[in-house]
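In what follows, subunit A forms one complex with subunit B and a second complex with subunit C.
Our next item is the complex of A and B:
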């Protein structure tokens, strides 16, 4: 029996190695088929002029043509710009709001446990339901946001929140922030609770101002989980697709068309597989840079005592 | 805790009230819309509370009549359920031994990080080839295709999460079992897994949530009630011409119930799972 090795038989190095790989085999086999192969295939496609047809690709080599085109493509640069805008603004607000709310939830108040539980609601709401919910709230004719602002006298007429370039992206960001900042708050709160209380008391006795206490005690205490959450959110935000698809479909006038949406359209609306793949490779490389930063940060925290 | 001035207390309670309101109001409004009549929802100025709650949409969504919105909804619910469960099952079958190997036979760190990288990679890197392969195999618009493609997300995630779960199981109890003559598989099934049951449960629930939430692949690879999942169906409802906002809201409420319940249930293990990389946006 290969697997039912008795007692310390499998402690021998050679057989240990074999068992280790054997246990990894199903996972590696599946990942090779569903991730490895498609990834390589995308890379190959990027160097062809393939088009998506009903029966396979119709293709010829085109060398670096796709990439030459991509570099000069103003529309792609614009889409990347919107992606960076969405990523930076939404993640920045989520992180700041997350820390502020975590500090609030770390105070003593009546009903604290209940409020903390409530923070899970936006996180657990499916992304698509969140997008649809905000789309209805923003509705230009009957939406509750318009009704609310009008009844409070903050606007004079109903606005088309998602129909105006410039405003639309910010409204999408608001919906994204509402869903994602509570999670940051919970992560930071978890870190806050590991900071010993007597540190604060000692600092207060020494006459340190609240601001100083925040910089020298609170911030170092939450920095680890905070930066991991920051990088993970950045990686996620950069891939944004779902919320855009449901709320604006990239409009108005392509002002919410992000990189993922761009690749999606190039590949599946215009059926240009070759150039679609080239854009996909570019987006993947940018993501890879973020992921590398994450791995480095992760290894650092793991090596720290 | 240090003493608070009355002013500070007022500030804290004011901020908490604003926080609770901002979290609850949109969700509460979603529910209100689902029980308001279409007439009330399109009336100006808007009445906030319906005069008579109208639960007819929920009844309509649970009828299977040909061509009804209920049919579309119920099939989508079925597809979401079975795809999530099957994909989680596959991820577990391959992920448990892989995580065990990473935990107990260290030395393949690069590979472990490679697993993490594939989890974070943007789906656009894979969509075209997967589409072609599914097309060749006649798997487009099938649950099977979604189960396969969800492995790209769930398998690395489950492996990563379970690896840290197994790390928490003391090796001594495994050695004790082996001295008693248990084989490797027996040790894994009867000793390690039961001890790591909490981590296993967390991994299963997170995997289900991830699959339930997935939209991009489902949008690309499914086209009708045979395989469309709830997120895609909701996208359709929301984009439909004849828009009954109340109906869309009711679908949203129903689609949110399972993950929200799981979310509250997961509360304790949430932070642990999050640090393992489930900050999914």
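Our next item is the complex of A and C:
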């Protein structure tokens, strides 16, 4: 009673804020352990020459040495280049394909529910399974892609897909797009369903072309959720690791080696936890920059008339 | 007050009880965690059967088995150290890792545990698998090297009486087979950007009497080591080697060879009995095996040391039991019983009819290859050295660089290794 009366006496806003923080406390504590600690640990490692051993870390402070080395590292720059290529191409295709499929699935047709369910399937697959599956499809000797293209007369003989520089990366992107475009389609489809039908009817009566209707009604209607999906996918694509690990392991001749794979090798294959952490920090900063640019750009489009 | 006190007392008793029960559980039942690979050598079934026999002889000891692809094995062993004592007790490790694992303390030194009379009974090539810095970091288990497999039918069709003894003969025979239209790409290798390629490369280096290091400095840009890469590239250019070799691991080589598409293949012991198994292969009964060829004037045959050992991790709390398990797995009786996919480390096994029966050709090849096994460099930074070479050799095989330029680059990068 006493406690209740006391808290009631506080100014309403102050006490509500305090209670809000109280409720947030458990979550913050978990975040501190699960996210905060590894983050600080990584930051600490980045400024040491730590190496991974059976006894834990062998380490000394090394100041900015790791970062100086990293800026000069041509291999890392090349890996970053491949990462950007992977991110831009795969996210762009996923976005276009996702919106198109969502528009299609928003139409009334027989069997729509079934098709919508089937569409989700690739996204529900674990990445590892997806990668293994595509490896089999691309197999140069027994793969079904070769069989398909040969039967359609598009190629004259079976060829290698994952063993050719350039082609290999595009093939990995195709596998990634197949798995991830359903997420975009799903989110956009949800947004489409919130756009009132009468807007389209009114526009049609006013004689607006389908393209104009898409540009002025559909696009503003889906922009919010679409941009969330865009940011999510960009972050995910930028830190791509598992699909590369399973499909090519960075080969042929390092032409599919992305930044995350680079970090992984540095830490776990070469046991250099210190410089591995420095590379990880660099990758994180870069993706943070990407996200900031996105958010600013999206805010601008939202405020535009 | 009273209920609270009761609660505390109760809780105390409960924890005590659970501590006691855990204590008694570990005394009677013990679980060892072991890490193996899912590739080449002994099959998963073989390893499970061997382990079951151990559990039968040692009631109360259970062994949890985990299998990962070879490509993940090194990183898994390293990453599991973070799990402390709840990680693995026994791990399978490759011949190229003891330097790194010993120096960085991932494995326990087991020199004192190995009986002195083992020294002469086990092949020297097997011992190098576990030796570093004058100490032993485990027991050798898989004694393996790459052999030249050939399709006897194809050779007969081409009118070739004897399998090739030199790499020049291999190319000449492959050309005959290709020209007669028997096989489009007669030779298949595992040249993916992986350790598998390093094993094929090392075999060729051994044949050409090349070296990786001279006076402690990288020297693979000249002599036999350069010749090896040139040979690889030439056989691709001539259409004698399957161009898809550049993305193949050992299992891919086995599939291509077993489906009857290639006349020659370089692979580990395990392919001999699998390619002869009608369930796994279209060419069962038509598989020949000889030591990997040599180079005229330089070597009679060639071989890479591709052996593997079993070790106890630094964090294991059950070292004695782990050693008992390793002793069982590496024992001659165990190895002789399962000698179809991997050959024993014991010299005496090779004259035991139980081992040789039905695979006389393999044993004959093994007897000459095992003595000639050439080692990849024993350096703690081997994984990185290997990665550099893999990338550079692939650039050559893909036509992005000449052998000379690529290997000079590799030497430059390798000299900077810390």
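Methods note: the second predicted complex is superposed on the first by the 256 of 305 C-alpha atoms of A that agree within 3 Å, B and C clash if a C-alpha of one lies under 4 Å from a C-alpha of the other, contacts with A are read in each partner's own complex, and residues count from 1 in each chain.
Everything below uses one rule, namely that a contact is a pair of C-beta atoms (placed from the backbone, for glycine too) under 8 Å apart; a residue touches a chain by one contact, two chains touch by 3 or more.
Values in this document were obtained by computation on a predicted structure and should not be read as measured data.
By the touch criterion defined above, A:254 reaches subunit C but does not reach subunit B.
By the document's definition of touching, of the two partners only subunit B reaches A:233; subunit C does not.
By the touch criterion defined above, A:52 lies against subunit B and subunit C together after alignment on the C-alpha atoms of chain A. Touch criterion met: A:123 reaches subunit B, while subunit C stays clear of it.
In the superposition on chain A, A:268 contacts both subunit B and subunit C. Put simply, more of the residues of subunit A are touched by B, taking subunit B and subunit C as the two choices.
By the touch criterion defined above, A:165 reaches subunit C but does not reach subunit B.
After overlaying the two complexes on the shared chain, residue contacts for A:141 are found with subunit B and with subunit C alike.
In the superposed pair of complexes, A:297 makes contact with neither subunit B nor subunit C.
Residue overlap on subunit A between its contacts with subunit B in one complex and with subunit C in the other: 52, 54-55, 141-142, 264, 268.
For subunit B in complex with subunit A, the residues that touch the partner chain are 1-2, 4, 12-13, 15-16, 19-20, 22-24, 26-27, 29-30, 33, 41-42, 44-46, 48, 90, 93-95, 97-98, 100-102, 104-105, 107-108, 111, 113, 115-118, 120-133, 135-136, 148-149, 151-152, 155-156, 159, 178-179, 181, 183-186, 209, 212-213, 215-216, 219-220, 230-231, 234-235, 237-239, 245, 248-249, 252, 255-256, 259-260, 262-264, 266-267, 270-271, 274-275, 277, 279-281. Subunit C meets subunit A in the complex at residues 71, 74-75, 78-79, 81, 100-101, 104-107, 192-194, 243-244, 246-247, 252, 255-256, 259, 261, 313-315, 381, 383-384, 387, 390-391, 394-395, 398, 400. Subunit A contributes residues 51-55, 58, 140-142, 160, 162-165, 248-254, 264-265, 268-271 to its touches with subunit C in the complex.
For subunit A in complex with subunit B, the residues that touch the partner chain are 1, 3-8, 10, 16-17, 19-24, 26-31, 34-35, 37-39, 41-42, 45, 52, 54-57, 101, 104, 107-109, 111, 115, 117-129, 131-137, 139, 141-142, 144, 147, 150-151, 176, 178-180, 182-183, 186-187, 190, 197, 200-201, 204, 225, 228-229, 232-233, 235-242, 245-246, 259-260, 263-264, 267-268, 273, 276-277, 279-281, 283-284, 287-288, 291, 294-295.
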